[in-house]
Amino acid sequence: MLRYPAIMWVFVKNSVQNELAYRFNLLTNLVFTLVGVVTSVTAVYVIYGHTRTIQGWTLPQTLALLGVFTLMNGLINTFIAPNLDEFAEGIRKGTLDFALIKPVNSQFLVSFQRCVVWGLADVLVGASIVGYALLTGFGEGVGPLQMLAFVLAAASGAVIIYSLWISLATIAFWTVKIDNMTTILRAFYNMGRFPVDAYPTWLQRTLTYVVPVAFVTTVPVDMLRGQGAPLALVGSLLVAAAALWVSTRLWRFGLSRYTSASS
Amino acid sequence: MIAAFRVFFTTQWASFLAYRVMFFLYSMWAILPPLIYLAVWGTVAGGGNVAGWSRGEFVVYYLTFMVVNHLTGSIEIHTTGYEIRMGDLSPRLLLPVHPALRALASNVGFKTIGLFIVAPSVLLLAPLFKPEFNTSPGMFFLGVLAVLPAAAMQFLWGYSIALLAFWTTRADAVSQLNYTFLFLLSGEVAPIALLPEGLRTLAAALPYRYMLSFPVEVITGQLGGRQILLGFVMQGLWLGAAWLLMRFTWQRGVRHYAAVGG
Amino acid sequence: MAQARNMNEATAHPLAEQNPQHEPIGSSDPDRGAHVLIQNLSKVYRVHEREAGLKASLGSLFRRKYRDVRAVNDISFEVAPGEVVGFLGPNGAGKTTTLKMLSGLLFPSSGTVRVLGHEPFKRERSYLGRMSMVMGNKGQLQWDIPAGDAFLVNKVVYKLSDEQFRTALGELTDLLDLGPLLKKQVRSLSLGERMKCELAAALLHQPQVLFLDEPTIGLDVTMQARIRSFIGEYNRRTGATVLLTSHYMADVVALCKRVIVIHQGRLLYDGALDALSGKIAPFKLLTVQLEDTVDTPAEPMDALAPYGEVQRNQDGQVVLRVPRAEAAAVTARLLANLPVADLSIEDPPIEDVIDQVFSGNALAEAHVEAAR
């Protein structure tokens, strides 16, 4: 089973080696990561300039959430988005065939064979924001237990966003134009910049049950705030497991259509 | 020139109709990002108000913002920028009309069709947030009038940025940066009046407010006569500047293009 | 179908003599006998019929019309271990569909497919690890990384040890002159260089069965020859079974003793390349040179035209195309009536035969009839 991490490692290594060859890209991408983070942080400060809390969320707590959002966004941009764009392209050009004749899980291969290392800058910056928020008046009672719960919830958040993305991408087996679909998903993901509590009830429900973005950013930070745990944590893990399961079913279903085994 | 525009417009219209889904999604970009701030400010205001703004006023502001956002937004990085990158511009350079005219036609066509998606969506959103209208017909009319120069500015500005594709493959990054300024200084993150002192001063001086937020402020009746007049003057100045910028990048760009080859 | 079967029997697998272990269809133990076994294989695609016009296209949203397209129609053949078989046919004949069914990318509509004893469409790892596929019109290598780095992916994916990887790469580097290419980004390689790297990527794990779909397409003649000789060399060294499709007869002539011809999804011919034109060309070529005497007509062409279709006339040498069955009679008449200096009867070149067969159905049908 160590084989999959090994394969992943080769993908990352190849990508890093090659991207580093373009120093101009390195520079511009770092600049854009910084500009993006400064902008989002400014937005949070502008709002908290007029209020002390939003539905019980203090400034450091919302900052921590923004940190998680940035981190997850980095993961999306590093691993998920490039691969799934490539996947649609692979169906169009027929190069997907090569992934399907390799003796490894095809969903794994298609999900991770490309990576754009720049997103890792967002991961680092996002983690730093979380750290900064925790050190500057986040609130009482963030112990090892809360940290553990946070890490678990964040991990299942990552699994959920991945599953959402690839489930949507499998649509490419039926119709080739998926970039539009992922655009919608991005729009919903962007709502994860703020705690779902900040939204009206109908939107909260949408972000919890329809496009479960709430589990990606709000729930992990709730673990640190001591809100709703451990029920929310269990819920998050269950949703992650279910989402992953659905995504693999969809993948197999799409694949059986691609190889026309289903008709 | 008018005749050429009409031909471009009708052909663009037809091709847009063929891409309905893409249309729908592009139009959603005018609505979904501001929706986040609409929701957050609405929650912050709650039953009371924030800096004199009630919940309902935020709602009206942001709903108007969505429509104006659609009407003024620049799509040139996706149309002209793409054309340049793909090398599709060369044949257009040979035509006796400026390629910007085609870009303008596609801009107007996109906005006209998109309005049929944006307007109903905003009307659907309205009852979910319970707006409070607080404006006069005169203000409304003046504000709508201000949409035109705002859209023209964004078009020229966006076209100039798209032209950077002549020199660099990262024109989209510059466009992204431009969007960041729009986001902070043109009333998306918060109405300009609610920005901290420093940002507010910056917003008053830079062109971004006049590209988007100014018409929204006028329509929702936030500005007095003097402020409106000043706003129109600023729009005029920046529109002139944007025109010069576009001319400059175009001339340089084509010269560069001719020298390097496409 | 019955016709195709007849053909099969008529030509009696030429390799039956060469490979004693080669057994008749159906009775073979797949692992011991044939590497590739296809029996009554068919593939039917359902195609959505699109109608022109707005109204029709709106209607099709609700009530779709489908049409069945038989891409592969009741094909049977076997390939013995180590054999190199050429797969011929025009575009759309069903070659690629067949290769895709063999590599597990397509699910057969009916019939049996076995490769190395596996059913390919199950895509078992134990099968996928022992086969490989190269497609001339698309590549597995990522464009923005050097081929050498991309090979490392194949190393982990195919679980190659450092030792295995080094040996395999070394050998392929020698055979294909990859040395200077490995460090370059794939996008900066020429088409031919890229194909060399693609071949190397496909062969690093030493597959026992190799499917090549138009491996030389678009390459210049020198590079075609280079790739071709490599494939031959690889087959000799490793004993891998190779199934090859190509537009270029030269590839097939150089590499394959045996060819399988399919047309419109049906098997037209399966047998020795040498015998192909004799079997499937319905005509022969008579090359006639008339004596240079007083009696000789001023224009030899006019004299010869009544005997057959004149194909070429060069320096008094006239090539006549004569129906196969009449060749003997025509020759006799020619010798009797004209002052013949030299005369030879030949089967037409394979390229021409293939062209003839593929350009018109009538001919193909005629031939199958003739073969009965």
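The chains carry the letters A, B and C, assigned in the order they are written, with residues numbered from 1 in each.
One rule holds in what follows: a contact is a pair of C-beta atoms (placed from the backbone, for glycine too) under 8 Å apart; a residue touches a chain by one contact, two chains touch by 3 or more.
Keep in mind that this is a model prediction, so the values were computed, not measured.
Viewed as a network of touching protein chains, the structure reduces to a simple linear path. Greatest centre-to-centre distance from chain A is found for C, with centres as Cα means. If each chain is reduced to the average of its C-alpha atoms, the one that sits nearest the average of all protein C-alpha atoms is A.
Annotation: 47 Å between the Cα-based centres of chain A and chain C. Distance from the chain A centre to the chain B centre is 29 Å, each centre being the mean of its Cα atoms. Distance from the chain B centre to the chain C centre is 58 Å, each centre being the mean of its Cα atoms. Against chain B, the residues of chain A that register as touching in their complex are 28, 32, 35-36, 39, 42-43, 45-47, 49-51, 54-55, 177, 180, 183-184, 187-188, 190-191, 193-194, 197-200, 202-203.
The touching residues of chain A, when paired with chain C in their complex, are 3, 6-7, 10-11, 13-15, 17-18, 93-95, 97-98, 100-104, 109, 113-114, 256, 259-261, 263. Residues 21-22, 25, 28-29, 32-33, 35-37, 39-44, 50-51, 128-129, 170, 173, 176-177, 180, 183-184, 189-190, 194-196, 199 of chain B are the ones touching chain A in the complex.
Residues 45-46, 100, 103-107, 121, 123, 125-126, 128-129, 131-133, 135, 137-140, 142, 144-146, 149-150, 152-153, 155-159, 185 of chain C are the ones touching chain A in the complex.
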